[in-house]
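Per-chain numbering from 1; labels A, B, C and D assigned in written order.
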Amino acid sequence: MSRDGPIRLALVGGGPGSFIGGVHRMAALLDGRFAIVAGAFSRDARKSRERGAAWGIDPARAHAGHGPLLTAEAVRRDGIEAVAIATPNASHALIAADALAAGLHVVCDKPMTATLEEALQLASAVRLASTVFALTYTYTGYPMVRAARAQVAAGALGAVRKVVVDYAQGWLATAIEGENRQAAWRTDPAEAGAGGCVGDIGVHAFQLAEYISGLRVESLCADLPRVVPGRQLDDDCNILLRFGGGAPGALIASQIATGERNALRLRVYGERASLEWSHEEPGLLRRHSPDGRSELLYAGGEAAGPDARSAARLPPGHPEGFIEAFATIYRDVADAICGDRRLVGGVLPGIDDGVRSMRFIDAAVRSHERRSWLTLEGS
Amino acid sequence: MSRDGPIRLALVGGGPGSFIGGVHRMAALLDGRFAIVAGAFSRDARKSRERGAAWGIDPARAHAGHGPLLTAEAVRRDGIEAVAIATPNASHALIAADALAAGLHVVCDKPMTATLEEALQLASAVRLASTVFALTYTYTGYPMVRAARAQVAAGALGAVRKVVVDYAQGWLATAIEGENRQAAWRTDPAEAGAGGCVGDIGVHAFQLAEYISGLRVESLCADLPRVVPGRQLDDDCNILLRFGGGAPGALIASQIATGERNALRLRVYGERASLEWSHEEPGLLRRHSPDGRSELLYAGGEAAGPDARSAARLPPGHPEGFIEAFATIYRDVADAICGDRRLVGGVLPGIDDGVRSMRFIDAAVRSHERRSWLTLEGS
Amino acid sequence: MSRDGPIRLALVGGGPGSFIGGVHRMAALLDGRFAIVAGAFSRDARKSRERGAAWGIDPARAHAGHGPLLTAEAVRRDGIEAVAIATPNASHALIAADALAAGLHVVCDKPMTATLEEALQLASAVRLASTVFALTYTYTGYPMVRAARAQVAAGALGAVRKVVVDYAQGWLATAIEGENRQAAWRTDPAEAGAGGCVGDIGVHAFQLAEYISGLRVESLCADLPRVVPGRQLDDDCNILLRFGGGAPGALIASQIATGERNALRLRVYGERASLEWSHEEPGLLRRHSPDGRSELLYAGGEAAGPDARSAARLPPGHPEGFIEAFATIYRDVADAICGDRRLVGGVLPGIDDGVRSMRFIDAAVRSHERRSWLTLEGS
Amino acid sequence: MSRDGPIRLALVGGGPGSFIGGVHRMAALLDGRFAIVAGAFSRDARKSRERGAAWGIDPARAHAGHGPLLTAEAVRRDGIEAVAIATPNASHALIAADALAAGLHVVCDKPMTATLEEALQLASAVRLASTVFALTYTYTGYPMVRAARAQVAAGALGAVRKVVVDYAQGWLATAIEGENRQAAWRTDPAEAGAGGCVGDIGVHAFQLAEYISGLRVESLCADLPRVVPGRQLDDDCNILLRFGGGAPGALIASQIATGERNALRLRVYGERASLEWSHEEPGLLRRHSPDGRSELLYAGGEAAGPDARSAARLPPGHPEGFIEAFATIYRDVADAICGDRRLVGGVLPGIDDGVRSMRFIDAAVRSHERRSWLTLEGS
C-alpha cells in the first residue's frame, strides 16, 4: 500500500464561507498521503484563485468550477488523480459522475446526492468505474466507532435488540440563513435536496446506526417538523425505526436544539451487554453489563482492539478529534487507491452507504407527509 | 402547617419481595412528619404480621388486606389518618376509593390505576372527597427537577420547542418473571394493566415531560415492542410526540436495555436556551446557551432557586438521592394535609396527573395496535 | 443482631444553627434501628426544649447540657442506651467520657477530640468500657468506599504504591465566621482545637486514605496556610505523605477553594491497577487498568461485591447519598450494640481511628510550624 | 504576518521509536505554514534516510546528525529557515545553540535542556540571536488553556489564592525501559538530565501553573520517590508550592500511576471564583462560583473569548486534540517568524519559560535530597 509521493488531489468546494472544505484539506494533509495540487474552490474565478493562493495552490490550477478543472488537469502529466467534493448536496452527483468519467478517484461528502434518483444513477456510474468512490461519513473515522462496530460484529453483545441514536445541534435555532452561507444552502431545497435536518445530520445518525449495529432499517415512521417559522425544510426530526429481524429503534435529530453543539450519541443494546458512544467524548467506548459494571475502553489502548488501534495516531490520553477522524477516512481512501479496495464498503463508506442513506431520507420525507409507517425499499 | 406529632399512616403493600414498599416507609419516616402505625403489608396474615413486627408495628394493626385494615382503624381513637398504596397497579383503584370513602388521605404509587376507566372513576371519587390524594411520581421530588419546572415556568427558555425524554432500564432483558416477584406482576396484564414498559416507566417519562415543560401532549405515535419472547406486554417503548402548539418530542423507554440501571434523562429545548436533567446525576441541572456556554446548577445552592432549595435538606456537595426525593413528596403531602392544599396539582402530583398518565398509556397502546398517530383525549 | 424495638438514643448537639446534628437524627431514624428519645440540643434550656419539641421529644427529656441529660436518664426505666455527640470538637472528650462512665454506648462525630492528649485519655476510658464507641466518619458509610477497601484488602491492585486524596470546599473563602455559627466554631481554636481545615476535613481525607489503602502514614510534611486574613487556624492544607513501606502520597484539602462544594476524591495506585472514588459521584467506583480500560462499578450491583451490597438499600441506578452513608454507620453501630463488636475498628471506625486522626492533626500542625518532615508517633 | 509559501523547516529527531517527532511533523503540516524539507531523523544515516523517504524528504537532505544538516543546508539557496528539536533532553542545548548560531529559528521540545547550567548558557545565546526561539509546551496550545490564562489575567477570579496541578501517567509503572526506547532515555540521567518524572511531566505541570495563574513559584518542598525498583531517577513526584505573595499550591505528578493515561488537571482558586481544566476533556473550561453554579465554556464558542477562539479551528462540538494544540504552537511560531515577536514569552513559551522550568527541576531535585523547603532562585 505504498507508492512514491502523495496522491494528487483536487478539492471542489472550500471557498469563502465554507466549513467542511477546510476540514477536507486538513484531513487530506495530516498524514501526508495526499497533496492538494488543484481545485475549484468557488464558482467565482477570483475567489477560487485567492483561496488557492492562501493554500499554496498554483493560480493556474485554481478553477471556477469542476468542468474547467477536469479539462485542464486531464492534459497535465502531473494532473490530479483524485477529486474531493465539498460542495452543497445538489451538485455532488454531477461532479462525482464527471470525475469518475475522467478516470479519477472520488471522495464525496454526505449526503451523497440531493435525491434518491441521482443516487441510483451515480451508483450505476460507480459500478462502471474502476476507481475508488468513498463518502466522508466523518464519524466512521473515529477509533471507538470502529471498535464498536468490531465488537458487535464479533458477537460481543449477542443479538442486537435495540438501537437509539440521537444527534442534536442548536445552530439553526434562529433563522440565520440570511447571513450565514452554511445555513442558507442547508435550508434551501434547491441546494440541499428534500431533507433539511434529516438530510444534513439525520443521515449521519442513520448511517452510523447501520454501520455499528450491522442491522438494516426495514421500516420507519418519521416526524419532520419545521420549527423555525418560514423554513421550507425540516429543521428537526424524530423517527421510529424497525430493523431487520424486528429490533426496534429510534433516531432523534435536531438543528434547533438550542445550546447543543454537535452531540451525536449512539446506544446499541444486545442480549448480553450494550455499547454507548458519544461524540462529546469521542475517544471513549462504554460497554454496560447487566451485573452493575460498565467498562470504558480508550482510543489508542490495547483493550480497544485492532480496528481502533489502527485508526488512532497517538497513545491513550492524547485526544484526537474531528480532524483526525476525517483524516483516517482519507488514509483509508489512500490505502484503497493503493490497492486495498476491500476497505470500501467495509470500514470505509462507499456507494452502498450512499444509496442506503438516500433511501432513508426519501422514506423519512414520505413517511412524514403521510403520517404513517413506511418500508424502506431495498432493505 | 404544623401540628402536634406525626400523621398516622398505614401502608398497604410492602410485603416480602416488595421494592417500593420499603421506599415508602423510609421516605415517610425521614423527616419525621409521618408515623407508620398500621398496615396491610401482605394478603397473607402471617406475612403481614411478620413484616409489621420487623418494622415495629403492633401485630394487632398488621392486617391481611386493606378492607380489614380500614375497618379496624376506623374504630380506634388513634386510628390512621392516611393510607399509602404500594401494591401492584390493578389494586390501586379499589384501595384508594375505599380509603377516600373512609375519610382518609391517600398517597398512591404510579401508575394510578390499571385502566383509564378506573382512573376516571377514581377521579370522581377524589372530586367528592375532602382529603388529600397524591401520587408518588418520585422524580418530581428531586430538587433540580423542581428547579427545571420553575425555570421553564418563569420563561427562562422562552417558548418550549422540543422535549426529549429517555428512560432506560435493563433489568427485564431476560425473562426473570419466573423467579422475581417485581418482574412477575409488571409483565402480567392482570396485575399491571394494559401497559408493560410504557405503564411502568414510560409513564414516569411522560409525567416528567409535562411536569417540567408545562406543555401537554396532544398526539402521539407509539411503537411498543415485546422484545423478550413470550411477553404479553411491551417491554420497550418508543413514542413520537406532538405537544400543544405543535412542539415535537420523543419519548424512549426500555426495560430490556441491557446494562442500563435506571437512566432517566430529560431535555427541554426552548427558543433561548435548553435544560437537561439526568437521574444519573440528580443533584445537577444543566442549562445550555447558544453562545457555547453551559451552566450547571447544584442542588442546595443559592443559584438553584427557591423551589430547589426548599426540596433539599443539605448544602451543595452533599448528595441526596432517591429516598430523599420520595421523602420530599411525603413532606409535601404532610404540608397539604396540614392545610396547604394548593400543593396538590402544583409541585405535588395529584389526580389530574393520574388521569393524564392513564390517557397516555391508553393512547400509546391503541396507537401501537393501529400503527398510527392518535390524539390524546382531553388534551 | 435483632432485639425488640429500637435502641433508645439521646443526641447532644443539633441545636439552632447546627448542620450535622440534623444529619445524625435523619441517619439514626432512616432504618428504624434507633429512636431519639432524649437530648441536650443546646446549652440554652429553652432552645433545647424547642428543638426537642420540633423533633417530637418529650420536653422533660430535652436538657441544657449533657450532664443533666445523663443524670436524668440514669434513673428512668426507659432511659437512654446510647448517646450521639454532635457538638463542636472541644466538648467531645468530656461528653464521651461521661457517657461511657454512665455505661452508655457512644457515637461521636469527628475529629474525636480537640487535642491528642484528650484522645489518649479517651482511649483509656474506651478500653475500660464494655459499651460501643464509634466515630461518624461519614465517607466510610458509602457502599463504594467499602468496595474500594475490600478490593485493596483482597489484593486486587497488588501492592499499593501511591495514595492521593483531595478534599476541596469553598464555603470559608470569605470571613463568614461573624454570622455563621458553623464557621465561627470551626475557625476558633478554643472550640475546634489546633487544626482548622486540617482538623475539619483534612482528617476525613487522612482517615479515608488509611481506611481504603490499608496502609498507615509514617511521616509527613505539611503546609497549613491561613489564607483569609485574620484567621487563627489554617483554612487550607497541603501535605506530603510517606506510608509504611515507603509508598508516597499527597493530601490536599481546602476550605477556601472558591466554588468547590464538597469534593472529596481519592485515588489508590497499585502495582496492577488503580482505584478512584469521588464524593461527587459517590455510587461509583472506578478501577483503571494499564491496558487502556477502566471499569465502573455501581452501588447496589452484583459486581460491586458483598461489602458494597450490604451497605446499599436500593438497586443500581437509584442514588443514595450523604444521609444514607451516615445511616449505614448508625446501622453498623446498632449491629455492634446488638452483639457484633468486631465491626468496630473494622468497617466501623472506632477509638483507634480517632487516636490516629488526632496524631495526624498534631503532627501536621507541628510539621507546618517547623517547615519540615515529621514522623507520626505510633505508626 | 503572511509570506509566500511555507517556512522551510528541518526536524532533528523523529526517528524509529520516536513518539514526539511524528507529532512535531503533523503539527507543523496541519495549517500549511511549514514545509518539512530536511532533517536529521536519526544518528544512523540509513535510518535517517529511510524515515525521510517515508515522509517525502529528499534523501540528500536527510542527515545523520544536526551538524551535517546545518552545514549542508547553509549552502543551499532553498535551505532551511527553522529547526525543530525533538531529541532526548541532553542534546537540546547544543543543537539549539548551533541552530541559532546558523541564523535559524528554533522550535525546541521541553524540558529545554538537561541542566540549569545549559539553560542559562542557552539563554545567553538566545539573547544574542535575532531569530525566534520557542518551546513546545503542548498544553499551552489548547484553546481553553488560553481562555483560562486570559480570564485570570483579566481579573475574573480576583486575586489567585491557590493552584493545584496534577499530572498522572501509568506507562512507567513497570520497568519497560529494557524494550521501550521512550522509557529508556527518560529513565537515564545521561539522556534525560537530573529529573525523571519531575523533568518529563512535572515540568509541564509547573509551566502550566505559572502560565495560567500568572504567579511565580517562590519556594517548594519536593518528594521525588523512585517507586519502581532499580530506577536511577524519580518516577513520581509530589511537591508543595508557595507562590509570590504567599499563595499555596501543590504539584502532583506520576509516571507509575497504574491505569492513568495522560491526566493533566489544573485548578486555580481565586477570591471570587475558580477555574478547572482537565486534559481529559480539553475543549472545556469549568468556572465554579460560590453560589452553587458552575459554568462550562466550550472551545470554538463565542463565550470562550478571543484567545480561545483564535486557537480553535472548528466550531464547538467538533473536538480538537493534542495534534491541534501542538499545531497551534507551530502556527504561533510561524506568526512570530513572520513578524509578531511579542507572541514569544506571551502565549507562546520562550526562553524565559525554559529557564524557569530548569530552575524548578533543579530546585525540586535539591529539595528532595535535603528533605526541606527551598527558594527558587530568580523568583
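Brief remarks follow.
As a convention for this text, a residue touches a chain if its C-beta (ideal position, glycine included) is under 8 Å from a C-beta of that chain, and two chains touch if they have at least 3 such contacts.
The model shown is predicted, which means the values in this text are computed figures rather than measured ones.
More than half of the contact pairs at A-B come back, by residue number, in C-D, the repeat among A-D, A-C or C-D.
The interface holding more C-beta pairs in contact, when B-C is weighed against B-D, is B-C.
Separating the centre of chain B from that of chain D, both taken as means of CA atoms, is a distance of 54 Å.
With each centre defined as the average position of its C-alpha atoms, the distance from chain B to chain C rounds to 35 Å. The residues of chain D that reach two or more other chains are 171, 260-261, 289, 292, 294, 298, 301, 316, listed in rising order. The part of chain D that touches chain A in the complex is made up of residues 5-6, 19, 22-23, 25-26, 29-32, 55-56, 169, 171, 260-263, 279-282, 298, 301, 313-324.
Residue ranges of chain B in contact with chain A, taken from their complex: 157, 161-162, 164, 166, 168, 170-171, 173-174, 221, 223, 225, 227, 236, 238, 240, 242, 246-250, 252, 254, 256-261, 267, 269-274, 287-290, 292, 294, 371-373.
On the side of chain C, the complex with chain A involves touching residues 289, 291-298, 300-304, 316.
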